[in-house]
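Pasting the structures here.
One chain, subunit A, appears in both complexes that follow, with subunit B as partner in the first and subunit C in the second.
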Partner chain A sequence: MTLDVSLEEPLSPVPVGPVPGDLAPERRDSLLHALRHGRGLVGVVLVATVVVLGVLGPLVAPYGPTEQIKGANLLGPGAGHWLGTDELNRDILSRTLYGIRVDLVVVFAAVPVGAAAGVFLGLVTSWWTVTDVIAQRAFDLLLAFPALILGILLTAFLGPGVLTVGVVIVALEIPVFGRLVRTSVRTVREMPFVEASQVVGAGPWWVLRRHVLPNSLEPLTVQLAVSMSVAVFIEGAMSFLGLGVRPPHPSLGSLIKDGVRLLHEAPFFAVGPLAVVVALVLGLLLISQSLAEARRA
Partner chain B sequence: MSTPVPAPPRRRLIRLAGALVVLLTLVTATACSSAVDDLKTSSGERKEGGVLRVGALQDIVPARIFTNSSDSINVLIGSVYDSLIDYPRDSLEPQPSLATTWQLSDDGKQLTLQLRDDVKFHSGRPFTSKDVEFSIKTWADPAWTVQLQRTAAAITGFDTSDEHAITLTFAHPLSNIFDLLDMLPIIDRDTIDQLREGKAFVGTGPFEFDAWSPGAKISFKRNDAYWRGKPALDGIEVSVIPDPQAQVAQLRSHQLDLILGASYRDFESLGKDDQFHVNQWAGAEGQVYVGTNVTNPALSDIRVRQAIAYALDRERVVDEVLRGAGVPISAPWPDYSPAYDEKANATYDYDLDQAKKLVDEAKADGVAIPKLPLTYPSENPIYGAIAQIVQADLAKVGIEVELDPQEQAQVIQQLIGAKFPALWILSHGYANWTPSTLAVSAYPFNAEHNASLYVDKDYQAIADKVWNQKPGAVDPADYATLSKALLDGSFLLEIAITLPQDASSTQVHDIGQTKRGEPIFYDTYLTK
Partner chain C sequence: MTRYLLSRLGSALLVTALASIGIFALIRLVPGDPVTVLAGPDATPAARDAIRAQLGLDQPFWSQYVHWLGDLARFDLGPSYKLGGDVGSLIADGALNTVVLTLFALVLAAVGAIVTSTAAVVGDRRWLNSLLSGLNTAAVAVPTFATALVLVLVFAVRFPVLPAGGTPPAGFFAQPDIALQYLLLPGIALALPAWAALTRFLTEALRTQMRQPYVTTARALGIPRRRIVLTQALRNALPSTVTVLGLQLGTLLGGAILVEAVFAWPGLGRLVEQGISARDYPVVQVLLLLSVVVFVVTQLATDVIHAWLDPRVRLNGVS
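So, the complex of A and B:
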C-alpha cells in the first residue's frame, strides 16, 4: 500500500497560535514601547514631521517648485520668502518642500522594494546549498560596488533621474537584506523545533514561512530603518553629483548642491534642505537605535 | 578618600572622539589661516621662474586638438604653438609673428609671406616654409574637423622654393585668409602621428609639452630657446577639474594660481576679494545661443523657430547669469564688426505675445510640438542656468522642453556631427572675426554643412559672396544681406555676447589672451 500524502504541510497541523521560535507578544510590545519613548519617540517625531511636510508640500508651498519669480534673484530669507530665493529666482522653501517628496519616494518605496526582494531571495536561496552559493556570489558582486560607483554605472545605462536613484537603492538593499535573512535561515533551521516540524512532515516553504521569517523580523526592522537613512544619503550624493533628479525639478541633494555652489554669495541657501536631510537621517537612525536596543534588551 | 569611578569605556571613547575633533579643527584652522596669512603677507617681489598652476574644466582630446573646444586645448595651443600672424584682440589688423611681412596680389589670389629664419621647433629642427605648407594641408584635411577647413582647402598652391618665404595661391580671393593665418598653429610634421595619439605636441611656442595624464593633468615646461626670448615661468601645470566650484575652492585655498572655468557669479564674487584678480577679455568674445535642428518635424516650421527666438529673455540672461559680462543680441556680430547693424540686432527682442501668436498659428496649421529635448554641456554652470530660463520662457508660449545635460565632449561630438535631436545651448566664436569666417567655417553656421542641417540657397550664395573677395573689400551691403539671411533663417538663435573671464591670485601677473580665447603665458610671472 502506498502512502499518497503531500509532505508540504505537517501530518498533524500545528495548532493556531504562537509556535516555538515566534516572536513573543511581550517582545513585540517592547519594540513598540521603544518607539513611544525616549530616542525612539524623538526619531518618530522627526521622521513624521518630514513626512507630513513632504505630503502636504504642494498645499503649503507658496510657489511652484520651478516657478521663476520676476526680480527675486538670490534674495535672503524674509517675510516673502522664508528660506530666500535661488539664482534662478525660485523660492527655496517651495523647492525644499517639493524636494522632500523625492526623498520620501526613495525612502518609503525603493528601500522596502529592495528589502522585500532581498528577503525573498535570501529565504528561497539559502535553504539549499547550490542556490545559496549562487546567490551569495551574486550578493558579493553587488556588495563589491560602493553605492556611488554602482550609481554611476547604472546611470550610464538608464540615464540620470529619480528612477535610476530608486534602482540603485533597490540593487544595494537586495544583498544587505538577503544576507541578513540567510543568517536567520541557517540559524533557525538547526533548531530542535524546526527539526521537529520536519519530522512531522513540514516542507521547506512552510518552515521558512512559519519559523524563519518571523524570527528574522526584528533584525530586519532595525536594518530597514538603517537602510532608509542610508538611502537619503545616496539620493543626496547622487543628486549632488548630477546623477539624480534632473533639473529643474528639486530634490534635497540637488538643492544642497546648488547651495554649496553659492555658499559665498548666499550662505542661507543650503540651510533649509540641509536641516531636512539631517532631521530625516537622524530620525531614522534614532528609530533604528531604539529598536536595536529594545531587541537586545 | 574616595577613588574616582572610571568612566565606562563607551563614554571614554566619546570623550576621546570629541577631543580628537577639537584637535583636528584647531589644526585645520591653523593650517588654513597660515595659507591665508601667506597670501596676505606676500611681498609683491618678482619671483624667478615658478610653475603656474591652472585649473581647467575640460581635458584635451587629441583628435580635436585644433578645434578650440576645451579650455585645456586652448592652453595647449596658446602655449606650445605659434601662428604666422597675430590679431590683436581689439582689431583685425594682422601683426607679425612667424611671418614678418606679407604681400597680397592685386587680384587677391596670391599671398607671399616672409618667414622668420631664427625659429626652431621644440625638437630642435628649424622652422621652414615646408612646415607652413604641411600645417595648412593638415587643416584642409577633413579628418581634423577644424572650423576653417574650407578656407584652408581653398589654398591650392604652395611655393616653398625659399625656406624662409612661401607663396600661397588661392582658388579664389579669400576675405578671411588672415583669420586662417592667425588661427593656424604651425605644427611639426615629424611628430604628427604622436600628436594624433596625444603623445607629443611639438611646436615653436614659448612652452614645451611635457606630460599628459588623461583626465587629470597636462604639464608644460619652458622653451629656453624661444625666439621671442625665454619666458619667465619655469612651466605650467593644468589640472583638469570638471567641477567649477572645486576650482574656485582651490583658488581660494591657494592650491591653484589661475582658474579658467567658473561661473560669472563666482568671478563676480572673486573680483570683490582683494586677494584675486578677475580678467575680462574684450575682443575674444563668444556668443551663447540656442541651436535648432531644422529637420526636427516641429522645428522645421520657421514660425516655431522664430517663436523661440522671441521667447528668449536675453536681458535676464545677461543680468542674472552673465552678471553683466555680456550683451543681448539677435544677430551674432559685436558692435565693432563690419557686419554689425543695430536695427538687425533688435529683430527678436523679447516678446512673449508675438512668440505665443506664432506658436498658435503653427499649431492651428497642424504643426505638432511634442516635448523637445534641450541639450547643453553640464560642466559649465552658465549653460544649466540659461537652459532653465529658456525652458521656463518656452513653457509660457506653449513649447515644452526637457533638459538634457550632457558632458561637453559628447555635446561637441553632436555639434560636429550635426546630431542634436532638437534644441541645444552652446557658445560659438568667430563673430568677432572677418564675417565670412562665421558663415563658411563655424560648425553652427557653415552654409554648406551646419549643425542645424539648415540648407538655403540664398544663405549659401551670400556666404560665398562675402567669402570670395579680397580682405577688406567686401561691400557693407553684402554683410547686411548676410545678417538678414541669418535672421530670416532663424536656425541659430543668438542669446548674448559673452565676455570671457578668468581669475587668478594676486601673485600672478601679465596673463594674456588671444582673440581665439587662448590664454597666453609668455609674459606671465609670479610674485612672492
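So, the complex of A and C:
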C-alpha cells in the first residue's frame, strides 16, 4: 500500500470561527446598534425617506419632469402645485422628485464603485513595498487636484452629463479609500493574531481577505457615509457650474440654482429642492457621526 | 529633523514632477484643437500649419515639454492663445484675487473655530453645546453655492448694505475698509464649511486634553477651568489642528471656484473655467500645475509645522 498523502500540498488555514485576538466580529454589532438608535436612526430615516421619494418619483409625480403646463407661470405653492411652478411653467414638485434620482445614482452607485475600486487597489498594492510606493504616489497625485478642477477637466473630455459626474466622483473616491485601507493593512498585519495565522500557512491573499478587510470595515463604513454626503455636494456644484445634468432635465443642483436665481420672483422655488439636499446630506452626516461614535466607544 | 525634512521634500518634488508631465499630456488629449479655435472654421490647411508651427505644436511631445519647463523656470510664459494678454500677467492678476479671498476665509474660519470651540469647552453648558452643534451641522449640510446666493440676496439685494460681487475698485490695499466690504460676503460663504470642520476637530481635541492627568492636577491646585483651557489645553490641542487647517486650504481653493462664480470674483477659478472651454493650453496647464504645487506645498508645510510643534513626529519620522 502506498501512502497517497502528498506532503507538498500547501497548508491552508481552516476557518474555525473568530480567530483569538481578532476584534472585527464583535464590533460589527455595535455599528448596527448605532444605526437603530438616536442620531443614527434619525439619519437612516432621513436618507430612507429621500430614497423612497426618488425611487417612487415617477409613480407619485403629478406631472412629467419637463412637462409645460398652460397658464401656470411661476405660481407659488398651492393645492394644484405643492411646490409651485417655474418660469417655464413646469411643476417644481415633479422636477424635484425626478431630480432626486440623479443624486441617488451618484450617491448609491458612483460612490460605492469608487470605494470598491479604491479598497481593491489599496489592499492589493499595499502588501508589497514597490507597488505600495507607486500606488500611494498615484493617490497623492489624484488628491492634489481639487474636486471641481478634476470635474472641469473631465468634463472637457466627456462632455457634461450624469455620467461625467459619476466618473468624477469615482476618480475622487479611489485615492480616499485607497489611502484609508492602506493604513489598515499596515496596522493589522503587525498584529499577533495575523502573525499566528501566517505561521500556519496563510498567504498574503488570505490575510488581506480574512483579517485586514474585516478589520478595516469600520473606518471604511464611516468614510462611505462621509463620501456620500460629499457626492451630493459635488453633483450640486457641477450642475451649478453647468457641468452636470443638461437642461431641461432636472437635478437637485440645477433646481437650487434656478430657484436661487429667481428668489425675487418666486421666493419658495428653492425651498423644496434645498430641503431634499439638506435632508440627504444631514442624514448621511448623522449616520457617519453615529458610526464614528460607536467605533470610539 | 533634517532627515525628516529631506524625505518629505523628496516625495513632494516627485509628485510635482509627475504631475507636471501628467498635466502636460492630459491637456493635449482634451478633444478640440487650439489651432481650430484660433484659425477659425474656414482657414486653409497652409494657414493652419503656419499657426501650428508658430505655437510650437508641430514639435514632438518631449521637446514641447522641455521647452515649457524652460519657460516656467524663466517665468516667461508667453502670450495666451485665446483669452488675450500674457499668460503670466493673467495668472498673476487672478492669483492675487484668489489668494486674498482664500486667506481671508482661512483666517475667518480659524479665528471663528478657536473662539467657538474654546467657548464650548469653557462654557460647557448643554444649551450652548446644542446650539453650536446645530450651527455646525447646518454649515456642513447646506451647499456653498446656496449659502453664497442667499448671502447676496439678503445682504446685497434685500438690505443693500454690502456689494453683491466684484472686487474692490481701488484694489485691496489702498482702502482697506472698502476692500473689507467686498471681501465679507464671499469670505463668509467660503469660510463656513471650513469653520465647521475646524470647530468640530478642535472641540474634540480640547475635550481630549481636558481628560488628561495634568488638567486634573491643575484643577486640584485650584486653577480656574477657563485659565486651564486658554493657557494649557489650547496650546496642546493646536498641533493636530494645524494638519486639518492645511487640508482645509485645499477645500477652500476648490470652494473658491463656486464662490467666484457667484460673486463675479475675477480669480483663478474663473480663469480655469474659461481656459478649459477656450482650449487655452498655456493658461490651463500652468493653472493646473499651480493647484498641484499649492497642494504639495501646504502638505509639506503642515507636516513641517506639525513636526516642529510635536517633537515625537520629527524624532520617529512618522506623521
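In this text, the second predicted complex is superposed on the first by the 277 of 297 C-alpha atoms of A that agree within 3 Å, B and C clash if a C-alpha of one lies under 4 Å from a C-alpha of the other, contacts with A are read in each partner's own complex, and residues count from 1 in each chain.
Keep in mind that, in the parts below, contacts are C-beta pairs under 8 Å (C-beta built on N, C-alpha and C of every residue); 3 or more make two chains touch, one makes a residue touch a chain.
Predicted, not measured: the structure shown is a model, and the values here were computed from it.
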| item | value |
| --- | --- |
| Partner chain(s) touched by A:Thr66 [first = subunit B, second = subunit C, both, neither] | first |
| When both partners are placed on the shared chain, which of subunit B and subunit C touches more of subunit A | C |
| Partner chain in contact with A:Leu262 - subunit B first, subunit C second, else both or neither | first |
| Subunit B versus subunit C as contact partner of A:Pro248, first or second or both or neither | first |
| First, second, both or neither for A:Leu88, with subunit B first and subunit C second | first |
| Which superposed partner A:Leu153 touches (first subunit B, second subunit C, both, neither) | second |
| Touched partner set for A:Leu163, first subunit B, second subunit C, both or neither | neither |
| Common ground on subunit A, meaning residues reached by subunit C in one complex and by subunit B in the other | 260-261, 264 |
| Of all residues in subunit C, those that touch subunit A in their complex | 11, 14-15, 18-19, 22, 26, 29-32, 137, 140-146, 149-150, 153, 157, 250-251, 253-254, 257-258, 261, 269, 272-273, 276-277, 288, 291-292, 295-296 |
| Of subunit A, residues touching subunit C in the complex | 137, 140-141, 143-149, 152-153, 155-157, 229, 233, 236-237, 240-241, 253, 256-257, 260-261, 263-264, 270, 274, 277-278, 281-282, 285 |
| Touch list for subunit A against partner subunit B, complex | 66, 68, 73, 87-89, 160, 242, 246-248, 260-262, 264-265 |
| Interface residues, subunit B side, partner subunit A - complex | 244-245, 263, 265-266, 269, 320-321, 378, 381, 384-385, 387-389, 391-392, 403, 405 |
